[in-house]
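The two complexes that follow have subunit A in common; it is paired with subunit B in the first and with subunit C in the second.
This part shows the complex of A and B:
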């Protein structure tokens, strides 16, 4: 299970978003696609479930979508914005 | 707030404001030094502190609102005697929050973001007490507040 850090706050600016990590005081900009992936991950807490939801929203093949979601999750993990829970 | 009209009233106004201005300047100095001297992780709890349990989130009364606005104006005046090139909005908001707390008023710090003209992300800090917004720099309406979850407030 993917757990987004509870220190995160979000500010929505038009279609984009800015995520503030209260643990580090750093903030990150999310483009519209990243913002949507972030929102879906917040709800589903699972990479596979997120891909299922997003597949119905984006006109891209599933393989590409899976790669993009995985890359986004890797970024969240690398920045300490999320962690995996068994 | 009504401004003093004549030079004598202006002098009286300045005279009576001086102790409060000095108090605010010292508070601003203390807050700014803390922001400069400590890391985010050391300051996090203090910066993001919520009002103590049992404190009801309410709008300030007309009298309290006047006091808050007066401190805000004075803070803009005293920030001229600063220790660094620019006093960040966070220092102003935290100073105002500390000052308000000393009078038993609990305003909450709000952080917001926007994209500036060049497309960069810009952040801002201001205070909120109930539905009353207190922002010495008066730019809060240009920013969208950060909040937990995905819905905007």
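This part shows the complex of A and C:
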């Protein structure tokens, strides 16, 4: 299970979606697609379930979507914004 | 279906957010913590402010919380008004934080349905600027502590505190003596609760200049001026609330020259900014 840090919040400020981390004070900008992936991951807590949801929302082939979601999760883990739970 | 364009996580800044400093722990101590977390607004809190003298202490009741000023900060028998001026802002700031409201260290005024919030570092001229607006017919919403709730600013502290050098320039009595904090107080009639149209970040620099601030830079500019109480409330929720509060605001960084007050130019610029926002909304 993928768990996004509970110190994160996401806000739309003008044309930027900004993820704020209250624990570290860092903030990150997301493009609209990445914002949606983030929101779905927050809800589903699962890579596979997120791909299922997003595949119904975007006109993109599943293979590319799976790859992008995996890359996004790797980045979230690397930045300490998420962790995996068994 | 929406278009798909994946660019991933983009880092705007590697540094830390400019989180606001915490309230000075020596300002007040809290006698009781039995208070409600229900949504409330500071107008009601201001109305129910009451003062009592408990032995040698001054105590302030605000929003169901009793605040007691530590005796080393206050000479016994100091006039109650002076004590009030020193601690009422801090007490209201505490109430705002505990209720999940965003409150800024700044000043606010309103005219014809438009409110403006002025923030800035110490000495930037917040109170002087807002007093200048009041002399142009604006109504005072608050000086020092400005609570913003869903884009609305409600009146709270209805006097401005001015440094001695600008006191006579803005209509103060030349015979008056400053208060306990070395500043003079001018009282003004209250404006009613008003929607915030613009936030001015006042700075001192080489020359008069203004710059629109958008996106994440609004947070960079405004978070340092947010009232904060470490350990009270959920930091993530407070940060999210702050972002939600500042997101719809028009934020302008206004630089005034260090060599002179340039008050009229600053006031003209602020009135033009607020007028521009109001026009665009029509």
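To be clear about the criterion, the second predicted complex is superposed on the first by the 82 of 86 C-alpha atoms of A that agree within 3 Å, B and C clash if a C-alpha of one lies under 4 Å from a C-alpha of the other, contacts with A are read in each partner's own complex, and residues count from 1 in each chain.
We adopt the following convention: a residue touches a chain if its C-beta (ideal position, glycine included) is under 8 Å from a C-beta of that chain, and two chains touch if they have at least 3 such contacts.
Owing to the predicted nature of the structure, the values given are computational and were not obtained by experimental measurement.
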Exercise for the section: Identify the partner contact of A:34: answer first if only subunit B is touched, second if only subunit C is, both if each is, neither if none is. Expected result: second
Completion exercise
Between subunit B and subunit C, more residues of subunit A are touched by C
Handout entry: First, second, both or neither for A:11, with subunit B first and subunit C second
Key = both
Problem - First, second, both or neither for A:71, with subunit B first and subunit C second - result: second
Practice task
Applying the touch criterion given at the start, work out whether A:24 contacts subunit B, subunit C, both or neither, answering first, second, both or neither.
Solution key: both
Practice task
May I ask you to decide whether A:59 touches subunit B, subunit C, both, or neither, giving the answer as first, second, both or neither?
Solution key: second
Handout entry: First, second, both or neither for A:42, with subunit B first and subunit C second
Key = first
Practice task
Pick out the shared contact residues on subunit A: the ones touching subunit B in one complex and subunit C in the other.
Solution key: 8-9, 11-13, 16, 18, 20, 22-25, 27, 29
Exercise for the section: Within their complex, state which residues of subunit A touch subunit B. Expected result: 8-13, 16, 18, 20, 22-25, 27, 29, 39, 42
Exercise for the section: Enumerate the contact residues on subunit A facing subunit C in the complex. Expected result: 6-9, 11-16, 18-20, 22-34, 37, 57-60, 65, 68, 71-72, 75-76, 79
Completion exercise
Within the complex, subunit A is touched by subunit C residues 1-17, 19, 214-216, 218-219, 235-240, 243-244, 246-247
Fill in the blank from the handout: Seen from subunit B, its contact residues with subunit A in the complex are 40-41, 44, 48, 111-115, 121, 123, 143-150, 152
